[in-house]
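The following blocks contain the structures, represented as structure tokens.
One chain, chain A, links the two complexes that follow: it is found with chain B in the first and with chain C in the second.
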Partner chain A sequence: MQKLSTLLYLAWKSVLNRRLAALLTVLSIACSVTLLLGVERISQTARSSFISTVAGTDLIVGARSGQIQLLLYSVFRLGDATNNIDWQSYQKIAKHPEITWTIPISLGDSHRGYRVMGTTQDYFEHFRYGSEQHLQLAQGQRFSGLFDVVLGAEVAQKLGYGLGQQIVIAHGSSTVNTFVHDDKPFQVVGILQRTGTPVDRTLHMSLQGIEAIHVDWQNGAPPRAEDSLSSTQVSQMDLTPKTITAFLVGLKSKLGIFSVQREVNNYRGEPLLAILPGVALQQLWQLIGIADLALRVISSFVVLVGLLGMLTVILTSLNERRREMAILRSVGASPWHIFGLLQLEALLLALFGCVLGVIFLYVLLWLAAPLLAQHLGLWLVFTGLSHYDWIVLMGIALAALLIGILPAWRAYHHALSDGLTIRL
Partner chain B sequence: MKSTFLASLVVFALPLTVHAGDEHHYKQHAAHEHGTAQLNLVQEQQTLMLELTLSNMDVLGFEHAPSNQEQAQAIEKAGSVLADVEHLLTFNPAAVCTVTSAQAQRKALEHHEDDHEDGHEDEHEHEHDEGMHKESTHSEFQAQYAFNCQQPEQLKTITVQFFDVFPSLEKIQVQMVTDKGQGADQLTAQHSHIELP
Partner chain C sequence: MSECLAIENLQFAWTDQAPLLNLPSLHVEQGEKVFLQGASGSGKTTLLGLMGGVLQPQQGTIRILGHDLQQFSQSGRDIFRAAHIGFIFQLFNLLPYLSVLDNVLLPCRFSLRRRERVESQGITPTQEAKRLLEHLQLNPNTYQRPVTDISVGQQQRVAVARALIGQPELLMADEPTSALDADTRDAFIALLLQECQITQTAVVFVSHDTHLAKHFERCIRL
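Let's look at the complex of A and B:
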């Protein structure tokens, strides 16, 4: 024990003597540790925010396409539907005895790059995210009138909209819009609280509102001036939608989920697809997981490069330290002490690298958290080092010891052959 | 016990209400892949249900309707092998799961030809004399299991033996729904246990 603390003291002093090279080595290890742990943190956060986009929804029903495609357009507002669902089909399925609630959604229009979604009051009632949280209004109220719109938190913040703001909905989802429904402006009646999900980037209105802005359109083209109907004329019409894009389903009992799924998939009226959002999310994550794995592999290699840098630094220092070793031998150090000294040095450098790396990590997370929340909707949770993190750190220390064997072994041999006299 | 029975009625015998009164029909053909099985798992409180669908190529080695005594016996034997759930599924003991029902039967894949287009629901009812119908060249075996688990929150892993019983089976696609959430998994002979969410 006494010997170990002496060795540690000697190793420490020796490192201090070469402090610039040592500091750079520690820094390079620290950066690689930050990268490796940071990638893990971000991927964890992305995963949990991803999984929390939809909760408590048993099934999502849309036109028959792929599971992931349906999930992407219905939940993440990415991409477009291949087809719409007939309103009658929706009504028929919604009456199924096993189904307690449905949330119809109608997509296709946008406002300055943000998707507009038509739905019903059931959306506020039944939609849940995260750990079963309901949507909350930060300001105002739910939409009730034909031309009312409720904004997601990000839409309101980015575009600087408040209650009472008049907005115009554009046809289609491109940011450069040729057709604008400027004859029927909408009024902001509510703003939702931030959820960290795609809801924040959505404008919500009634299905009838969506129908109203398209009711005088003919063959998918805007009406000529003389055919166009005013907002008041439109509000007296029957605005039951003819189609919707998809709907979310809540069941009475989970036990019925697969039979309802099968019935929807075998529905004879039109080709439909019912997906389990949790299953589709997992499949999507597996796809993304490849990129995630690639990032991890790259950052592991960065750690390896850091450790090899340390090896280079120690190895090149060996020659100039022959005198140091000789002095140590002259005061009674055995060749094994020399071996231990160099092992300790490698370990010390790696440990300092790890500690500094973890400090960098938390500073970086603290700096990046507001940016990530604002731009990507990712909410970083500040937790201590996870089990995984500790394993990574231990792995790095172990790798440093293994790598340290090479210079230690060389120094051991030098010590044996040189003895007290150095032939330089 | 009674509630589990009722629950199994809910799952397996739901009235096909959605189908009633549709005006137009179109042909649809379910995907059917040899070597791949589909396993649906659902757990709510103490009730756990599993439903396995295998292609008959993997179970019997033939997919057509039985044409001789030997083949009829093979179907019967496969049915009893698949119903013998104790040898097919193992739960982690802490969950304390006991079998409440297990059954398996051969099913011809639905295919809708003009001559019995409206006989869609009949196909389910007349399965016992399915040889009488014109049936698709593909068929499946379906097994349904129900369990009662006293400690459902302890249910962590389920090990399946289907790969040993049916050597040509390559993978099982698992969809699961539990009180803790939904999940998916893919089982192979090397990775033959389901980890629940």
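Let's look at the complex of A and C:
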């Protein structure tokens, strides 16, 4: 015990004596620790935010295609549906006794690169994300009129729109718009609170609104000037949609999920596909997860590089320290003490690297949190060190000890073979 | 007077080298001051390593204070050395990262025996270190300074204080004066021997310099 504290004291003084090299070593270990832990934090946050893009929805139904494709367009507003669902089919399925609610969605138009989604009031009632949160209005109210639109938080912020703003919807989803429904402008009546999900990048309006801007279209082509109808003319017409793109389903009981899914998939009227959003999200994340794994592997290598830097620093100092070892031998240090001294130095450097790395991590997270929230919709939660973090830190300390064996072993051998010869 | 150091039939060779030392017999009494003269490269430092139990002879016995060093385990020899022998080297005796005072205190950190011997006099190791440094004419304002701040002559006196703290029975000095000029050299040896006289410490002083023999009771050629 006494010896250990002596060795610790000597190791500490010796590290301090070479403080520039030590500081650089500690810094490089610290940076690698920060990277490793930071990647983990952000990927955890990204994952949980991703998985909870939709919550409380039991099934998503769309025209038959791939499960991922349906998820992409219905939830992430990425890509397009191959086919629509007939309004009659939707009505029929929605009446299923197991089903408590449905949210129809109709996609296809956009505004300055942001997708426009037609839906019903049920969207505000039943749509949930994250930990079962409902959508909240930051300003204004839900859409009620034909030409009302409710903006996602990012849309309003990026485009600088407020309540009362008049906007026109473009046909199709490309940013290079070929056709603009400029004869029927919409008015912003509400802006949603930020959710960190694709909802933030969506413009919401009624299904009838979507129908209204397309009612005078013929065979998917814009009307000729003489055929086009004005907003007031349109509002007199029957605007029940003929098709929708997909719909979200809430069931009475989770137990019914598979039977309802089967019934939808076997629906005779047209080919449909019902997916479990949780399962599809997991599957999609596994696709993206490859990048996640790559990041982890890279940052582990960075840690290794940091530790090898330490090895270099200790090894190169060994020769000039042979004299020091002989002195220690003369005052009673055994070769094992010399071994322990060098191990402790490695451990000290690694521990300081870890502590500094954790400090860096929190400073960086604190600095990055607003940026991540703003640009990626990722909400970092400031928690203490997780089980995983501790394991990583212990692993690094252990790796430092293992790597430290090399210089310690060399010094041990010098101590045995040099005797008291103090070679200069 | 009783025996402090006894060597019989000692033979030693470094690995892959011709035999370096062949010493039929060497005896040092307790409190005796012996000068060991030998040319450069004759194996003086090697001999001190053997006597300190840092190196192992291929043949022969080394007895210190009646203990055969061969009978000890490796760590036993380390403990024994720390407890009973003080060393002074040619140059760079001190750990560059410790202060003057902390360098002197090193043996008390590695040897319980030496610390206890200081404490049995009712003083702390730090007090004893300061007392020794003062005796060796070191200015108190240097005690907390890094050893790199003081002159070579001062460094060698700090090394003497370190070798003597906790009253080891045997002091081994390996050409401690080779870096000093003629005047300081004689003063240094006089001071060293005077300190050892007080504590009745035996001295084995090795050097190639025959002029130093006059300070010692006995001179042996290697």
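FYI, the second predicted complex is superposed on the first by the 422 of 424 C-alpha atoms of A that agree within 3 Å, B and C clash if a C-alpha of one lies under 4 Å from a C-alpha of the other, contacts with A are read in each partner's own complex, and residues count from 1 in each chain.
As a working rule, a residue touches a chain if its C-beta (ideal position, glycine included) is under 8 Å from a C-beta of that chain, and two chains touch if they have at least 3 such contacts.
All figures in this text were calculated on a predicted structure; none of them were measured in a lab.
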item: Combined model on chain A where chain B meets chain C, clash or fit; value: fit
item: Touching partner for A:144 - first (chain B), second (chain C), both, neither; value: neither
item: Chain B, chain C and vertex chain A (Cα centres) - angle in steps of 10°; value: 110
item: First, second, both or neither for A:323, with chain B first and chain C second; value: second
item: Partner chain(s) touched by A:240 [first = chain B, second = chain C, both, neither]; value: neither
item: Partner chain(s) touched by A:136 [first = chain B, second = chain C, both, neither]; value: neither
item: Partner chain(s) touched by A:386 [first = chain B, second = chain C, both, neither]; value: neither
item: Contacts of A:257 with chain B and chain C, given as first, second, both or neither; value: first
item: Contacts of A:14 with chain B and chain C, given as first, second, both or neither; value: second
item: Where chain B and chain C come nearest after superposition, their Cα distance in Å; value: 52
item: Of chain B, residues touching chain A in the complex; value: 7, 10-12, 14-19, 21-26, 28, 40, 42-44, 47, 49, 51, 110, 120, 175-179, 181-184, 197
item: Residues of chain A touching chain B in the complex; value: 58, 92-93, 95-98, 253-260, 263-264, 266-269, 271, 276-279, 281-283
item: In the complex with chain C, residue positions of chain A that touch it; value: 2-3, 6, 9-10, 13-14, 16-17, 323-324, 326-337, 417, 419-422, 424
item: Contact footprint of chain A on chain C as seen in their complex; value: 15, 45-46, 48-50, 52, 54-55, 74-75, 78-79, 81-83, 87, 89-98, 102, 106-107, 109-112, 162, 174
